[in-house]
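Next come two complexes, and both contain chain A; in the first it sits with chain B, in the second with chain C.
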Partner chain A sequence: MEPLLAVDDVRVSFEKESGAVAVLNGVDLSVQPGESIGIVGESGAGKTVLVRTILNLLQEPWKVHQGQIRFDGEDLLAKQEEELRQIRGVKIALTSPEPRKQLNPLVRVGEQLAHGIRAHRKITRKEALELAVEALESVGIPDPHLRVRSYPHELSGGMCQRVVIAMALSHSPKLLLADEPTAGLDVTIARQILDLMAELVHEFGSSLMLVSRDMGVVAHYCQRVAVMYAGQIVEVGETEVFYGAAAHPYSRHLLRAARAARDDRRAAAATVEARAAAAHGCAYTPRCPVAITACEQSTPALEPVEDGHAARCFRRGEVARGEVQA
Partner chain B sequence: MRFAKYAGRRLIFLVPQLFVVSIIVFFLVRLLPGDPAFLMAGQFATEERIEELRSTMGLDQPLYDQYARYVTNVLQGDFGHSWRTSQPVIEDIKQRLPATLELVLLTGFISVALGIPIGIYTAVKKRGIADRVLFGYGMLAGSIPDFWLGLILIFVFFSLTGILPGPIGQLDPIVSTPPRITGAIALDALLGGHWEAFKSAVLHLILPVATLTLVYMTLIIKNTRTMVEEMMNSDFVQHARAMGFKRSIQLRYAVRNALPPVVTVVGIVFWFLLGGAVLVETVFAWGGLGQYAVESVISSDYAPLQAFVLLAAVFTLLVFLLVDLAYFVIDPRIKT
Partner chain C sequence: MTTLVDGGGPQSRKEAAAAEFRNFLAFARRRPGFIFGLCVVVVTVFLAICGPYIAPYHPERALPGAGLQPPSGQHWMGTDVSGMDVFSRVISAPRIDLAIALSATLIAFVGGVLLGVVSGFYAGARGIPRVASEAIMRGADILQAFPVFIFALALVGFRGPGTENVIVALAFLNIPYFLRVTRGAVFQVRERPFIEAARCAGNKEVRIAFVHVMPNALGPALANVSPGIGFAILLTAALSFVGAGVPKPTPEWGSMISIGAPNMMTGQWWTALFPGLALGITVLGYALVGDGIRDYMDPVNRR
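Up next is the complex of A and B:
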């Protein structure tokens, strides 16, 4: 099947006066129509930058050096702002962590939803406000006809995220990019939000790219998992295969950490120290328990372990089969 | 309704502020070396006049009595006498205040009406010609004092080219002053339909207003620009962009959120303008309150000076009260 989204060797850097910092170092990823894929990886891996690159949102001092992003037959990185506007919010929508910050503090949420709706549909303000009430209702906000008149500061974080989701889904997008939608929400609310999102995405037949640092969440909601490390996808595979036979030492580390401390996020809070190593060899080498000489000399490509399961590791076979303790 | 409640509370808050201001102004004369009655009466006062003042000021009474007297007098509009004009200060003020307000308000409104759109425009269109022109203007405005700019403008537009009238006040001497309605000559001429006077008054307004506008508008432009730029990069405008919002709505979100700090700067500009008017009025022989204050300083005429300081303080309080009220209207997060 033709993928809905195909990210091909995308390289992005942050241009400082002191020089460029490479943030995405050749990302390859595809998303099939209707599937849910989880993106995991520690903080700083480049997940948010990847999401923003897909929407072609990056502005100076960010720079996309190389690569292609094909979505639904179109080349996103080649498009101008006004053409992108016809895709953003309509075909690809976004939710971000810290939902309250994504909403204009001085404008009522109903009005903001209406702005989102009218951005892509020629209807009156009044009609859009009626649709906004329906949108709030569809994301389970009680008393939606009253809540449309609320300002963001009058809503809880969870409610704000529901508003953001309502806005994201108001044009039934083909792809929803959900960047850590539950970061900072407490566990029960987080569950409700994820269930809601999964349900709506299923209803619309949309694809979902769920960025999370929680391995459990991804296992529960996604059919496939992609692991990101130092600006690269280091492993991608079906959820079941991945959880049973992860082929990259870093994936193994994440899974172990998740098991060791189910709810202890500190385990995943370590930052990427190995960025510099990316120029030569595998970026994970300094932290890798099974690194060999080859790992320092050249960068492994994202190669198949078996059908639909690939990893950027010279020893992926051994690691996947559990022949070495990674 | 919420607004009325908030405005009421802020107005009540004005009372202690005015109290503090009145105490400061009260001590202004009393802390100067020398006999306050002698200072207030002026250097050419007769012995009786000084005696009379001594009793109205109650200088032999305890300080709080003197203060109570001062406040009572002020509340009744009695600011004492100017020995220089030999008129009650209140009469002098009534005569001159409209001219100053005309200058300050006109400049303020022009600075806002031009400065905010220019600020927004340059925030959106970076690196254009407008941007470079503005950069130069900002540098100049930041380095030239207002009275000096006034002199340059007079030199260019009057002495050199003669396009505009010279610094001889609000009207040509040969044009008769229109009957007083508001006291602001251009406005009175307009209201009364005296076109000759109106034309002359407007021509005379151009240079002083241009001087003040050029000097102070840059603050509004710079601030608007910085704030709008910052807001265009805010999470919520970027989110609106990510959701394909119309460009005009994105800009509206940014401007709306940039407004509170801009309003503060507008308040500051109005406050600066009062100070600017003092010097510019002197340069243009404007005959307003600012010039009156300067002349009073020069001739040690303390009663008008005391009144001017009080008025300036009240003006400042009112400006910042308006700023607060504007904040309240703009930002729903502010509690009543």
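Up next is the complex of A and C:
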């Protein structure tokens, strides 16, 4: 099947006066129509930058060096601002972390919804406001006809996230990019928000790219998982296969950390070191318990372990089968 | 059709407004300077509206044979060289002074904010918007490179004296201040996540700039309105003092001081002193109100 979104060898850096910092080092990823894919990885892995690159939202000092992003047969990176405007919010929608910050504090939420709706449909303000009421109702906000007149500070964080989701889905996009939709929400609310998002995405037949640090969330809501590390996809596979037989030592590490449900101090301490080493060899080498000499000398490609399951590791087979303790 | 009624509980919103008002009172109580400034603003506004009506004498009519009388029960602040009642003129002056200062500051505020939003929002962009943004800033630099008073004098000299020309000159001079503070605020606001969210929702750049960025970047410019008015009053008086502002005999503090200045030498201190005091107190009051508003908007300085 022709993928809805195909990210091909995308390289992005952050240009500083003292030199460029590579943030995405050749990301390859595809999203099928109607599928939900989870992107996991630690802070600084490049998850958010990837999402923003897909929407071509990066401005200076960010720079996209190479690569292609094909969406629905079009090359997004080659588009002009006005063409992008016709895609953003209509075909690809984004929700970012911290819902309250996504809303303009001085504009009533109904107005903000109506702005988004009217940006792409020739209707009157009044009609747009009525659609906004319906949109709020569809995301489960009680008394939507009252709430359209609320300001963001009058709503709870969970409510704000519902508004943001309503806004993102107001044009039934083909792809929803959900960047940490539950950051800053407590667990029960997070669950409700994710259920709602999954339900609506299913209803519209949209694809979902769920960026999260929570391995449990991704396991529950996504059919496929992609693991990011130091600006690369280091492993991608079906959720069940991945959770059963992760083939990259880093994925194993993440899963173990998630199971232990505690912070791994070693991981935090090694992050900077890992980034510095990313220039040659596998970026994960400094932290990898099963690294071999080859890992320091050349970068492994994202190669298949089996059908539909690939990892960037020379020892992927052994790791996947659990022959080495990674 | 769905009827829209007030959301968020009208009760709670009203309560929030009441709480804000109590906060404001508590804040003002700790600041005598702010209260003094507020009183000055209230009094000048009142005089601007009613001054000429409550004045005991006609502010522009000379009383024959009553020139240069010292302050007395009849003429509280004495009379000037042509026999006009100084007190009547002092309380009639806010009408013209405030009208000039208010309209000039308002024009400067609107112009400065609009230009500030454009220059801040498009700074670092590519193509024509960037050129516009840079051009605006260089224009402001040029305006501010000249000494303020000389520049105002030149502008009025160029257009000829008269109330409208004073307004134009003052508005022009004040634009860079509002422009710069707004530009700075825009730099902060445009990095906030809801701006990107608005962009992702497909809003046009112009709409993002003026609907989403501008209202959130108004604070610093608003805090500068009151001192701006004080500054404009001072400059109006200065221009009138040198004869480039409001034509005589319209009651205006600056021109009154200039009328009275020669009499100071010969001992008739009252003709220039009282308008001078009124001018000083007014400018001080507006500046204090500006300081108070700025502190009030800054949560750290509220205490």
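Definition applied: the second predicted complex is superposed on the first by the 314 of 326 C-alpha atoms of A that agree within 3 Å, B and C clash if a C-alpha of one lies under 4 Å from a C-alpha of the other, contacts with A are read in each partner's own complex, and residues count from 1 in each chain.
As a convention for this text, a residue touches a chain if its C-beta (ideal position, glycine included) is under 8 Å from a C-beta of that chain, and two chains touch if they have at least 3 such contacts.
Model, not experiment: these values are computed from the prediction.
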item: Partners on chain A (chain B, chain C) - clash or fit; value: clash
item: Which of chain B and chain C A:L129 touches, first, second, both or neither; value: second
item: First, second, both or neither for A:G237, with chain B first and chain C second; value: neither
item: Which superposed partner A:P181 touches (first chain B, second chain C, both, neither); value: neither
item: Which of chain B and chain C A:E60 touches, first, second, both or neither; value: second
item: Partner contacting more residues of chain A (chain B vs chain C); value: C
item: First (chain B), second (chain C), both or neither touched by A:G46; value: neither
item: Touching both chain C and chain B, counted on chain A across the two superposed complexes; value: 55, 57, 85-86, 88-90, 93-94, 96, 98, 101-107, 115-116, 119-120, 151, 164, 167-168
item: Chain B residues touching chain A - in the complex, by the definition given at the top; value: 235-247, 249, 253, 256-257, 330-333
item: Complex contact set, residues of chain C against chain A; value: 1-8, 12-13, 124, 192-194, 196-205, 207, 211-212, 215-216
item: Sites on chain A touched by chain C in the complex; value: 55, 57, 59-60, 81, 85-86, 88-90, 93-94, 96, 98, 101-108, 110, 112, 115-116, 119-120, 129-130, 133, 143, 145-151, 154, 164, 167-168, 171
item: For the chain A and chain B complex, residues of the former touching the latter; value: 52, 55, 57, 84-90, 93-94, 96, 98, 101-107, 115-116, 118-120, 151, 153, 164, 167-168
